[in-house]
Amino acid sequence: MSALADVGIVFGRVAFAMLFVVNVAAILGWVERKQSAIMQDRIGANRASIFGFRVLGLFHPIADAIKMLTKEDFMPARADRFLFQLAPFVSVFFGLVAFASIPFGDTLRVAGREIPLQAVTLNVGVLYVFAMLSLGVYGVMMAGWSSANNYALLGGQRAAALMISAEIAIGASIMGVVMWYGSLDLMDIVRGQGALLFGWIPKWGIVTQPLAFVIFVTAGIAATKRIPFDMPEGESEIIGYFIEYSGMKFGMFLMSDLVETTVIAGLTTSLFLGGWQVPYLVAEGFLFPWGAALPLPHLLVVLLQVGAFIVKVSAMIFFLMLVRWTLPRFRYDQAMRLGWLGLFPLSILNIVLTGLVLLLWGGRA
Amino acid sequence: MRVLQRFYLIEVMSGVALTAAHFFRNMSGHVRHSLGQKGARGAVTIQYPEERRPYSPRLRSLHRLVQREDGSPRCVACMMCETVCPAHCIYIVATEHPNPEIEKMPARFDIDVGKCVFCGYCVEACPEDAIRMDTGILEFASYSRRGMVYTKEALLALQPAGPDGRPQSTIPIPADREP
Amino acid sequence: MPKLTINGKEIEVPAGTNLIEAARRVGVEIPHYCYHPGLSIAGQCRLCMVDIEKAPRPTIACNTQAVDGMVVWTETDRVKETRRSVMEFHLINHPLDCPVCDQAGECWLQIYYMKHGLYDPRMTDEKVHKPKAVPLGPHVMLDAERCILCSRCVRFCDEITRTGELGIFNRGDHSQIGLFPGTELANKYSANVVDICPVGALTDRDFRFQVRVWYLDSTKSICPGCARGCNIEVHTNRRRPHHAEGRRVARLKPRPNPDVNGWWICDAGRYGYGAVDDKSRLLAPSRREGGAVTDATWDEAIAAVAGVLARVAPDEVGVVASPQMANEDLFALRRVLERRGIRRVGFRVPPRAPGDEDDFLIRADKHPNSLGASLLGLDGDVAAILAAARAGQVKCLWVFGHDLLASGWPETDVDRALQATELVVFTGPNANATSERAQWVLPAAAWVERDGTYTNCAGRVQRFRQAADPLGRALPEWDILGRVLVALGAPAAPPRAERWFGELATAVPAFAGLSYRSIGDVGQPTATGAA
Amino acid sequence: MTGERILMRNFDLPDSHTLAVYRKAGGYAAWEKARAMEPAAITEEVKQSNLRGLGGAGFPTGTKWSFIPKGHTGPVYLVINADEGEPGTFKDRYLLERDPHALIEGMLIAARAIRSSLGFVYIRGEYIEPWRRFSEAVREAYEAGYLGQGFDVVVHRGAGAYICGEETGLISSLEGKKGWPKVKPPFPAIKGAFGMPTIVNNVETISHVPHIIARGGAWFASLGTKTQGGTRMFSVSGRVTRPGVYEASVAITLRQLIDDLAGGVSGNGRLKAVVPGGSSAPILRADEVDVTMDVDGLRNAGTMAGSAGVVVMDETVSIPEALMVVARFYAHESCGQCTPCRESTGWIYKMVHRIVDGHGRKEDLDTILDVAKRGAGTTICAFYDGAVGPYISYIEKFRNEFEELIAK
Amino acid sequence: MTAYVAFFVLAALAVGSALGLVLRRNPIHGALFLVANLGSVAALYLTLGAEFLAAAQVIVYAGAIMVLFVFAIMVLIPGKEETGPDPRRPVRVLAAPLGVLLFLLLAFVVARGTGAPAGAAAPGPTTIGALGRLLFARYLFPFELTSVLLLAAMIGVLLLARKKAS
Amino acid sequence: MGVPEHYYVVLSAILFTIGVVGVVIRRNPLVIFMSIELMLNAANLALVAFGHRFGALDGQALVLFVMAVAAAEVAVGLAIIVVIFRARRRLSVDDLSVMRW
């Protein structure tokens, strides 16, 4: 019975993470359209209707899905059939699994069980997410290579080069956070952000590691290959590694974009925005710096935390979209220069600075 | 200022702030409007298929072949357009014209609109003013690749756009255009 | 050998050389229309003006012979000015219909206007009108308005064919080329006037409106129409398959070679490429069992043929080679024969009707490589092979290209020989009655689809080059034979025609010292010369 | 200043074209004298006489004869150019009609000088009576034994092309081809009719030869100027009181010729312009007529002696219309061989025609002048240079008349 | 039990993908097989409790080294090299028996080794901290040497990849 | 945690052998390179297994060094291959027996 419950709990944790990512990604298609439209003084997609009901264009993602499912699933004659089929799955897969070790709440205590609100507990969680992100590049390269199309190949190569340069910066910038909070476990890092600096500032990563935050967000956008770093695909004119894809396979590439956006948002939240932390909310309830306290029941606290996580992720996604619809595209060499000559040295500098600070302030050294 | 610009970040943030301002202004307009506040409105664009902006007379739209007075094409099958076409979407086969004063005429003149990039070079290259892109027709989607191929007869039947830029002639239903 | 200076460059030329040719040798091009090295000098286009020091005014270069110590300048202001005026005169009555003119793209009026004209037009009056689209003969169409009256065509008919069908009629700006009453431009070389016409006045009725010339690719080749081996250019249309009714070979043009054909080819050769894109082309190896014909892979076909050759006694194999095959093919065949010790081989099959011949280019032997085949020692008695076949002594008969049933031998004799043979193998580019009787058909690439060499009637080895891809799965004969050779156990066969020729040159004394490089574009005589 | 009539001395005799009359007047005596002379001596005598070609080009005759290659062994031809096509010229017609035997005698002497055994006389197709008279004379000469003994004469009639008056065009026509001039070199004296050395001389030139042989080259030379000897026949036409053929020394001035011989401008008209040497000669204004009529005198005056066809125009004549007539003539007669001539004669005619019709444009005159000057000297024969003479001189000397028409 | 299942599944994956690498003609396929192999080995590390190594394996090997490989293969697009006849076929055929021989040798060594006494120390909890301390204490010098090695490699690569000054 | 370490070592031997065979039979230097990586990897596996067996972390530390070496080696090796390819347009170790060209 309890084994069954264990299995159920594990299943529930994984399902929550999965469904969270998948649904957010699905809704992001609509959000992206609407947000960009409103930003640009437009209305946005609103034509799809069922019996005349349009519901703010919410049927468009459904229509898209139907369209993609029913479209001709085209494959170039000289394509590498197996890799061509595999590539979109690889692409989406690593995006999805990367979310697994991101904690969306503190430990939930129900019926004497301690349930960490995280799909998978890993003591090297940060490295795990990082590893999965770095494997995402294979989907892109496989797609580019197997299409037997020079545009696709070039797109794949550009994507690979871009992602490598971005991931180096991501990895190095994370190191600062890891040093500060002294753990590779994401749950530990989030917990560490619950502490207060000078007694009243939440010790979020954005406060302790501002430089790392900027580097991470920039490199994170680059890792998702979205504007302003969309030289591998450049949907408006370049057309990249997925040029030969159609139907649902193409849809999966589209989705992997959104999934990666969600993952980056989740990771940013966990590393820099305090994860599921609500300022001054501790396990027993609110404990404000001026001494006031508001005790809350455990379940409410957990709900508040999960809610805070979702709000933070949403806000981060909103920000990423804002950037995507605001900035023009970098040229390939500019992006490379930014990655290798800008972000990478800066993140190394950040590690050194963090080390110095920790040494001098005696933080954890 | 220059040094700061080189760091992108400030510039990026000011750009993001601008677009965010638009977003929130429009969003609040939309929300207030839907809550019944009549005066408030978010920005609204032209609702395309129903509302149309008049086309510029310089607009390059679907091609047509100009007729002589007797209804035959003015085209003399000189292949200038076929040669200049960067998309290789024009297919001409020339044949002898019964009148020796007119060197030749097209036996076949197909344009594969599916390949066309609407650069207008064919119009520029034509020495006879026999091909124009002034039909005002922009919507010519088809369910098949072959449906995108317009034959000589189809191109000859098209009329130039009216003074408002609206198409004067309708294109045949794609299924009827099987060459 | 007078020594003269052209544009500051000193050069020595043979006595009698005119200034256009002398300038060409130092790389200076003097524009001209009426001058043609193969024709007499008319001096009437007046374009080839040059400045000769001590001469009061520019002089025409075509009619000025190089003299020792002459100092010639071809680009002085005076010359340029004169050229520009002459270009203007040429274009006064020339219609501005370049876009519809078939010559556009290879028209010397266009070329020289862009190089030497570029004046502002002043002629605003009505141009002189003349007849258009007048057929002069089966191959040539005249547009008199475009004619610039260089008289090359007239001189060609007077001096080269000596048939004199053409003349210039009327006077002044109403002058026009025309046929003398009661004649037709139908001599055996008539279409050469199209080549020498510098403008679009004379066009080829066969080629007219088929392809614009700028779509064509040109490949140096040799005419396979007779033993003369005229040098030609094959013009192929690869970029616009919907043109020329899908023909890949759009036209043949003569290629100057003073030692073989001068500047000319006969009409029979010029229009003799029809078989290349013909429906009768064999596209894939095929096997006939019972009445059914099935396509096979090359591996199967080679294995089957080689298997029979290996199984049957050498005396029971007969091979009818073809003088249409290149030297490389014939040598590869010789290798196959040597390997099996086959001795029944020949290549001479009498035609049903004797070929025509004249004292200029056309030879009666309608095959390009008869001499090459005999130099390679394949000159056996085909009639004897067929006789042996009738007597049941030949089990396998391999026929290359020939239609034995349409030869000069009685059809019934050939038929009996084919019936008495167990296995008939046919190799050639096109199907014919004999291939219909073969158990194995191995499709060969046509001559424009491959590289090779022919030895012409004068013993000159000349190269032809690949201008198009082989149709279907056809292969050059040397490749087919090379594969058979390997299947018969030889270690490896040369992978390219050039390598085959290299082996040929080392093995056959007549070809000693020859290589593709030494043959070049204009050919080289064999060591033995004419046989 | 009229002097002795040499060529025309027999013209007034009745039946002057017959052998009998000619012999009675001393004919064929020079031939008898020449038979005894060495060919080179004959040529020398002619050289001394300063006789210059009277067909148009004015080339020294003796010099021309000496161009025959020395070592040549094949046939040499003597061709007489009687294709008198130059507008305003009609002297040869008189010679052929009134004194054909003078020509035959001259041919015999010239043939001996150049060692020719066959002579051709190319008579203009329209000259039917001259052809008949001359053929008759040839028959008489054969009967009398002058011809047929070492020298034969073939009479050939042209078919009506002006260009056949050009020596190589004439040779082409004689050979049975289209009458197109040939490219030079080779010159006819080296390689002419049927590929053999050929001397082409005008009727009038050869008709002078018997007199030169009979009376000596020095005498002949003394009749004219320093560079041109003897007399010549002037065909005077147009607005004069007495048009016709007049023989006079080449040293006569144009004014003397018009006023003294031709009786001055007809009616009460005032002289406006004169064409001194056939239609190809550049026109002279009334104030330019005080020039001697020899080759070099006229050349120095910017015109040419040509065939000595003098056309007189008075104030009633419209120069543009005159040019239109001339231009039409050249457009019509251009043989069509050389591009500049073929195309620009037609073009210039179209422009002049348009000007006369009142549709002229301002730039037309300059275009005509430019086109004419550009084409000049670029062609095989002198036809176009001949055409350029009137184009340029008419417009340059009477530009105001053209401009008035254009301004209308 | 689950541990055995996991091991054998992963071992099968590792061997299969290794064979794929060696036997597939197409180098891209080979590279992807190697990625799979590295992944399964990383998973094996997990079963051995070496979580940090597993992550490092994926990041360094699969994420960086193999991406470089795939990148290089895509840039060069080879693949035709091994289609022609092989002049040294006999030598290469010899590889298979030699390989078997080598394996037998190794297996023999392993078989002998298992008899040796197991280490006294029971497998203790392997924390990343411990690993870190080990690296920065006992292996500090090699660790620093590694950085020198990487620097040298970096400079070398830059030198090699530099376009010839033209 | 029940799988005996020598299982891992045998697996490591198998992988190593496959790597060796790959190096011998393949002609494409890229594939040979990858086979070498496979061999290194097999050795790593053995190291970790031994470390696990002896309860020491030294094995893992060694693996980290191997990884660093492998990374350096791949970077340099690939650079060399790219340079060779640029010069030859062909990749086959049989052609690379000479050290200069």
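To keep things simple, chains are lettered A, B, C, D, E and F as they appear, and every chain counts its residues starting from 1.
FYI, contacts are C-beta pairs under 8 Å (C-beta built on N, C-alpha and C of every residue); 3 or more make two chains touch, one makes a residue touch a chain.
The structure displayed is predicted, hence computed values, not measured ones.
Averaging Cα atoms per chain gives one point for each, and the point farthest from that of subunit E is the centre of D.
When every chain is reduced to the mean of its CA atoms, the largest separation from subunit F belongs to D.
For the pair subunit B and subunit C, the distance between mean C-alpha positions equals 47 Å.
Centres computed as Cα averages put subunit A at a distance of 34 Å from subunit F. Per-chain Cα centroids separate subunit E from subunit F by 5 Å. With each centre defined as the average position of its C-alpha atoms, the distance from subunit D to subunit E rounds to 108 Å.
Counting only residues that touch two or more partner chains, subunit C has none.
Residue positions of subunit B touching 2 or more other chains: there are none. Residue positions of subunit E touching 2 or more other chains, listed in rising order: 52, 56, 64, 75. Chain contact topology: the protein chains form an open path, each linked only to its neighbours in the line. Contact between chains, using the touch rule, shows up for A-B, A-E, B-C, C-D, E-F. Against subunit C, in their complex, subunit D makes its touches with residues 161, 163, 178, 183, 185, 331-340, 342-347, 350-351, 354, 363, 367, 371, 374-375, 377-380.
Only residues 97, 99-101, 104, 131-134, 208-210, 212, 214-215, 240, 242-243 of subunit C touch subunit B when the two sit together in their complex. Subunit E meets subunit F in the complex at residues 1, 3-4, 7, 11, 14-15, 18-19, 21-22, 27, 30-31, 34, 37-38, 41, 44-45, 47-50, 52-53, 56-57, 60-61, 64-65, 68-69, 72-73, 75-76, 78, 81-82, 86-88, 92, 94-96, 98-100, 102-103, 106-107, 110, 113-114, 118-119, 121-124, 126, 130-131, 134-135, 138-139, 142-143, 146, 149-150, 152-154, 156-157, 160-161. On the side of subunit E, the complex with subunit A involves touching residues 26, 28-29, 32, 35, 51-52, 54-56, 58-59, 62-64, 67, 70-71, 74-75, 127-128.
Interface residues of subunit C, counted against subunit D in their complex, comprise 41-47, 49, 57-58, 60, 63, 81-82, 85-86, 89-90, 92-93, 122-123, 125-126, 128, 148-149, 167-168, 170-175.
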